[in-house]
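Okay, got some structures for you below.
Okay, so chain A shows up in both of these, paired with chain B first and chain C after.
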Partner chain A sequence: MSIFECRSLTKYYGKTKALDNIDLKLEAGQIVGLLGPNGSGKTTLIKLANGLLQPAGGQILIEGEEPGAGTKAKVAYLPDRGFLPEYMTVEALFKLYGDFFKDFNTKKADQMLEGLGIKKTDTLKKMSKGTKEKIQLILVMSRDAKIYFLDEPIAGVDPAARDYILRTIISNYCENSLVLISTHLIADVESVLDDVVFIKEGRVVLHKAADIIREEEGKNIDGLFREVFKC
Partner chain B sequence: MEWIFEQGRPIYTQIVEQIRINIANGTYEPGQQLPSVRDLAMEAAVNPNTMQRAFSELERDGLIYTVRTSGRFVTEEEGKLDILQKKLGQEFIEDLFEKLQKLGMSKKEIMDAIEEWAKEMK
Partner chain C sequence: MLAQLMKYEFKAVGRIMLPLYGAWLIMSLLMGLAVTILEKVLALGIIIGFLYGAVTIACVVLTIVMVIQRFYKNLLGSEGYLMFTLPVKTANHVWNKVISASFWIFAGVVMGLLSMGIIVLFTEGYTESFEAISMFFKIVTGFLGVPKVVLLIVEIILLALLMTGEAALKIYAAISLGHQWGNHRILGAIGAYIGFGIVEVIITNIIFNLFPNMEQDLERLFESTSDFMEMQLMIMVMALIVLMLGTVYFLVTYKLLDRRLNLE
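Up next, the complex of A and B:
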């Protein structure tokens, strides 16, 4: 059984078809890139996986189950916008996550925090965008989840913070989990990806291993992306 | 160590190449323990599966070997290291010849140019 599966998944926003009969199977032990331009349906797909939206047609399955209370406990979500109360301190956030999620590993979070020079008493409000991103990532990656959905984890963030975020994703690799990174910043992220999924206007137009694409196309994923999504 | 990957070629292939060069030039010495897959993947900023694939290939070539509870080590077999040096040498020479031939040089012109260069180098 695939850890994540979409079967003829369709979603409308009013009359607009945001996702059009998506068929997709992803396996554990992979870091997969969900790549597409803004508005292609990436965030819609992730929200459906998290049970924040309901499908109009078809199914979306987390370890064979439809999104609900059971799957929410195994799925970790890092949204593309700040989703935490700005007034909270790092310490309070760790506690909040610990209370909310059984699988939150406070020790791991503390370890990841070390060496970042951030005080537990600092509030999010005081932090730069890059630092906020790191805190959000630490919270999400400190959960022992089956699937991690990271929506634009490196957008608008400086190169050093980007490196930290990618290194953290690599170091947290687990062969029993799936990490799905949704982004349009392909060049920065592609060396970290096993498989690559191109999503265009709500349809999956490509699903292949990154190194196979490099071999067959003689291009990087970024290069192929530019071709496939040429305006 | 700085890992730089060329575009348009599989990453795992380039990792294999880089590690072979590191073994040949002594950066990784015979018998030396290599960093874990995860650590090296982090250093190179690549997917751990990609790094694992590279390690498997190097193991198949006999350049590294696994000691079950300890990790991976560079081979100490002189024979293997000699073969490696020869192989890498041939690959570089092939690459050089290809490039110079593209510039329109004949085999003899290439050999003469190399000899001259070597003379001046001393």
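Up next, the complex of A and C:
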């Protein structure tokens, strides 16, 4: 059984088809890039996996189970937007994650926070956009989850913060878990990806190992992306 | 997990309402002073009276706003991305909001009584006011006996809590239904709320039409029993109706959030 599976997954927004009959199987123990331009269906797919949207047809399965309280306990999710209450302090957020997620590792979170120069008593309201995103990432990556869904984790931050975020992801995910990173900034994430899924207009157009792409196509993923999604 | 949800809910609402309650109590004290000592300084009295009124209105309005916002923003806004990815059953989210809404509305009423009590304490005739209240209780307990009066008070409080819970659920059901309506979610929610009211009236009419003699039957039933039993019956009937409506609105909210959640 794959750790993550979509079977004929379809989703509409009104009359617009956001996901069109997607079949996808992802295995544990790898970092997968969900790559596609804006509006290709990346966020929709991840929201469906987290139960924030309901499919119009087909199934989405986490370890064989449809999204629900059971899957949420083992899935760590970083949305593409600010999703934490602004009035809360870092300390209170750590406590909240610890209260609800058994796999939240406070020690790990404290370690990640070190060296960032953020006070635990600061509220999110006081922080810059980049700092907020780091806090969100720390909360998500401090969990020993089975799957990490990271939706655009590096969009909207400066290159130095991008490096910090990618380093944090690589050095903190559990080795037998699945990390799914959605992004359109291919060049930045290319080096960390084991597996690549191209998604275009709601359809999976390619699903291959990163090494094989480089070998077969003779070009890097960024190059292939530019070719496939040529405007 | 419900207990955890409630803990965070209490903190989220409390950080707004508790300071406001503090301000309300302080303004009540000042208002009491204004009524007596500052009677002669009219201008100051007017200002304090105005401020007291403002805090009172703020408490009432914010309580209602909180009931709506804590559902709309916390569950269906961007914070919903956190709430609905916690490993919590959807029913617990709904229970959490209902219990919180009932609690804060009830707390608001208690604070209102307290505020009035404080102001009355400052007036010259406050002993008379309290005597009147204790006299009222003496007469009632004289009629019914202490146990029955206690029972009635408990029943009325429970009924009031049920009614606030039902009122909140009706709002939640309307918001959840409105949320299905793509780009006009607030309009949809208001429409749904009005719609619920209309459906309630229609169903009441149908029931009265099905049992045309119900009113007379009930009157006869009430006349045949003692005043106490009449009150018991009335409370029971009201509780039953509120409970039924509350159950329907709970199920509507629950099903929509559980099966048809589509966060923007």
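One rule holds for everything that comes next: the second predicted complex is superposed on the first by the 230 of 231 C-alpha atoms of A that agree within 3 Å, B and C clash if a C-alpha of one lies under 4 Å from a C-alpha of the other, contacts with A are read in each partner's own complex, and residues count from 1 in each chain.
Assume a residue touches a chain if its C-beta (ideal position, glycine included) is under 8 Å from a C-beta of that chain, and two chains touch if they have at least 3 such contacts.
From a predicted model like this one, the values you see are computed outputs, not experimental measurements.
Asks: So, A:V75: does it touch chain B (first), chain C (second), both, or neither?
Replies: Touch status of A:V75: second partner only.
Asks: Touching A:Q30 in the superposition: chain B (first), chain C (second), both, neither?
Replies: first
Asks: Is A:F100 touching the first partner chain B, the second partner chain C, both, or neither of them?
Replies: The answer is second: A:F100 touches chain C but not chain B.
Asks: Would you check which partner chain A:K47 touches, where first means chain B only, second means chain C only, and both and neither mean what they say?
Replies: It touches chain C, and chain B stays clear.
Asks: Would you sort A:I170 into first (chain B), second (chain C), both or neither based on which partner it touches?
Replies: It touches chain B, and chain C stays clear.
Asks: Can A:N220 be said to touch chain B (first), chain C (second), both, or neither?
Replies: first
Asks: Taking the superposition as given, does A:A210 touch the first partner, chain B, the second, chain C, both, or neither?
Replies: first
Asks: Can you tell me which positions in chain A touch chain B when the two form their complex?
Replies: Touching chain B: residues 29-31, 163, 166-167, 170-171, 173, 191-194, 210-212, 214-215, 217-220, 222-223 of chain A.
Asks: Which positions of chain A touch chain C when the two form their complex?
Replies: 14, 47, 50-54, 69-70, 72-73, 75, 77, 79, 81-85, 87, 96, 99-101
Asks: Write out the stretch or stretches of chain C touching chain A in their complex.
Replies: Result: residues 1, 4, 7-8, 12, 15, 74, 78-82, 84-89, 182, 259-263 of chain C touch chain A.
Asks: Can you check the complex and tell me which residues of chain B touch chain A?
Replies: The contact residues of chain B facing chain A are 5, 7-13, 38, 41-42, 44-50.
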